[in-house]
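Here chain A shows up in two complexes: once beside chain B, once beside chain C.
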Partner chain A sequence: MVTYLWLKEIRAQVYTWKGTLWLVITSLLFSFTSYLLLTDKELSLLDQTELLWLLSKVIISVAFLIVAIDSSSIINSEFEKETAESLFLSPISIKDFVFGKLLASLTLWFAIFMVATPYIVVTSLGTHLALPFLGYVLFLGTVGISGTVILFFGVSFLYRSAKNTLTTSLIVLLAFSVPALFSSALKNNGLAQMFGRINPLENIFACLDNVLVDYRLSLSENWRYLWPLFIFCVAAFVFLIFSLNKFQKQGVVKSV
Partner chain B sequence: MNTIISVKNLSKSYQQVKAVDRIDLTIEQGEFFGFVGPNGAGKTSTIRMLTGIIPPDQGEILMDGFTIDERKEIARIIGVVPESRGFYDWMTAFEYLQFFSTIYGIKKFLQPENIQWLLDQVGLLNRQAHKIGTYSRGMKQRLGLARALINNPRILFLDEPTLGLDPQGQEDIQNLLIEFNRKGVTIFLSSHLLPEVSDLCSRIAIIDKGKLIIQGSMDELRQKTNLKSTYYLKIKGDLKEIEDQDLGNQIIEIKRYSDIIEFLYEGDIKNVNSLIDRLRFKRIQILEFHSKSDNLTNIFLNLTSRQ
Partner chain C sequence: MYKHNLYHNWVKILIYIAVIVLLLDINGFNVQSQQHTQSNPLVLEILSADKLSGTAGDYVNVKAQIKNTSQQPITDVTTYLSLVDTQNKLPVDLEDWSAEKGLYIGTIEPDQILPLNWKIHFVKAGTYSLIVVAIRAGSEIPQVSGTISFHVNPKHNLNPGQVLPVALGMPIMLILIFSIVFYKRQTKMRF
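And then the complex of A and B:
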């Protein structure tokens, strides 16, 4: 059942050009970033590992943004286009529905990763970091994006409105990315440090810095960045369960 | 006959508004059941609770032996044309039905024949390869019915199935429903087209302000409402002829247009037949005659306006 729903979403992405367009935009962004990194006078003075880290941040940020926008509408479009009622009249469970949609969102992430792969390989030439780079981006991206998508699915089931979910999702993403703009002094502030520890995006960037710049490749050396990511995923899942309970109490259709 | 739908004390409220208020229903297997009521009476809420789309606040629902908690099992034995008409516009009709066939677990090799038969039944076979986004409202309505029938359901719930269809389309759908009912499918029809309901349904329930006011066959509804039969008669002739028939106290309304007289007569059908015989004997031309009261519209209006 999950497979059919997942395939339906993939076909919807292709047929409506939504998914394909995202990939074209992603490709253009990565090309532009890579070109800047390799040709800009100031940027080209950076150490190559620093360049790799910058590129990894761009890949993760772009993927988070695109998947957030996509996951905000993937569930709500069923409610807004009134297709949810027909779907839930058939023998599919809410679990199948959520997993089918989650797989579709993750497929978009994997497609973005596939687009990013040649850029990662080319920019890593000569550093022997291509494989760790690919592996860590894939691993961290999958965990971080899964948590984020689950969180936004929870918001979707609460609001049942793509516009409201997207607004909330963008605010959450903004909150995740704002600490990157903080000065070093501000980052050492107690509150900022605490937020930094639980912020999934911050932990992903720090972990990639540890891998690509400081060459600490083992999972044990990066564990302090990984556990907050897992905690974030668990918290997002608990929130989704709460939203689904509320959704099931209200019914597929809120009121007549 | 076996009871296929049993509803006891079913209620649903939206904040302070009681949409459905302690209704009881029993529907037998193979029955063609009509469910009518004014806008906002609670028809759609009732159907949504019966089909597991919204949970009831209280009450018991038994659908062919399954409780409402067994949603997946119920979904396999029912087909629903819901009030909301959402479709995946990017799919073709064939792909759409194929998607639902797969969800219902219909084997792949059986799907094309089954889908094409259904599309033929609803008159969409020649449009099967066209995107649903290009369909008219009536065509989408037909496709919705095909989807509801894809799993060969034992119970069919229809919420305004002929809404938006032209008269030919309405007749096609009605004939299709009659055919499925003859094959043993229990049909639960909610419609605003009262002549359609009274023509098709063996039993009818009227709901108003969430409460079930009355249910039964048309004869039972007539008896229960105790409505006097009223007949409309349009003749060409002299009113004196009518008055001579000693019917003055049974005529409740008269309109005269030169030699044309229209009147409403309230009484027994035997007396009306006798009146018509006598008018014919006197060579008075009867231009029009029909019953005005014993139809569902009158019963409906009488009951819902009294509430």
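And then the complex of A and C:
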């Protein structure tokens, strides 16, 4: 049943050219970024590893944005198209439903990663960092995006409105991204440091910086960035369980 | 006869005056140069002059030395680099070049030679002049080394042979794959 739900979502995604155009635009964005990073006169003065780090941030940011938008609507579309009621009348458990949708959202991330792979390889040439770059982007992206998708699924079950869930998701994503714009002085502030410790996006960027710029490749050397990511996933999962319990108590048709 | 003696005396007086002025002048010159030597007993020299050229992005070591030529120990000396972009006629902010700040010397003994090392990051292509400056407490005149000129070559990461096929090929490949998939689907639907 999980496979059925997953394939149903993927088929719906690739059924029309409109559903796949975003992947072409993503590849154009990666093309533009990697070409710019490697050829721009001013940027070319930077160390190549710093360019890899910039590219990794672009890949992760694009993936978070696309998956956030998708996960905000993938569950709510069932409520808004009024297909949820018939779906839950079929022999399908809520766990299978959520897991199928989670796989569908993660497939988008894997599609983005597949498109990003040639760019990662070509920009890493000469640095011996291609494999760590690929491995860490895949690992960190999968963990971070899984947590984010689970969090937005929780919001979806609470709101049952694609518009409201999307607005909330984008604001949460913006909140995760804003510290990247802070200056070093602001980042040293106690509150900013505390937020940085729990912010999944910042932990991913810091970990990639540690790997690509500082050559600290082992998992043990990056553990301080990994455990907050796992805690974020667990917290998101707990929130999803809470939302699901509330949803199951209220039923498909939410009582006002 | 009287006129002749008077003329002779005047010539003598003028010669004496000239000799005195000359002696005073020589003495004064010696005093001045002695004062100058005493005010700047530090001698600076850049040792890595021939190794300074490179490409933007390179890290190079500037090696220099400072010598106390006086017979007295000298205290409280600060040495630093000064860099000028000779093409644009501008001083360069060494903070951008990741250069360490001034090197402080507490005491330098008579005839002692101390090494000075700075690591700098070539940031921008161009032609530059570098000097090492030493300032000691209580001295109004800084001591400088000789000027060293060097050239930084531009760094070109431009590798169209590597990035361009991917940058152009990937979107084209995706468009082709999706076009074939949709074309096949539409053809299937027609029949």
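Convention: the second predicted complex is superposed on the first by the 250 of 256 C-alpha atoms of A that agree within 3 Å, B and C clash if a C-alpha of one lies under 4 Å from a C-alpha of the other, contacts with A are read in each partner's own complex, and residues count from 1 in each chain.
Criterion: contacts are C-beta pairs under 8 Å (C-beta built on N, C-alpha and C of every residue); 3 or more make two chains touch, one makes a residue touch a chain.
All values derive from a computational prediction rather than experimental measurement.
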Quick check on the superposed pair: does A:Leu125 touch chain B, chain C, both, or neither? Answer first, second, both or neither. second
A:Phe88 contacts which: chain B (first), chain C (second), both, neither? first
With the two complexes superposed on chain A, say which partner A:Gly190 touches: chain B (first), chain C (second), both, or neither. neither
For A:Val24, decide between first (touching chain B), second (touching chain C), both and neither. second
On chain A, what residues does chain B touch that chain C touches as well? 16
Which chain B residues qualify as touching chain A in the complex? 14, 19, 40, 44-45, 48, 51-55, 71-73, 75-76, 78, 80, 82, 84-88, 90-91, 99-100, 102-105, 144, 147, 151
For the complex, give me every residue of chain A touching chain B. 1, 4, 8, 11-12, 15-16, 78, 81-86, 88-93, 248-253, 255-256
As the complex stands, chain A meets chain C at residues 14, 16-17, 20, 23-24, 27-28, 30-32, 34-35, 38-39, 41, 44-48, 51, 115, 118-119, 122-123, 125
For a test of understanding, state which residues of chain C touch chain A in their complex under the given definition. 56-57, 123-124, 154-160, 162-164, 166-171, 174-175, 178, 181-182
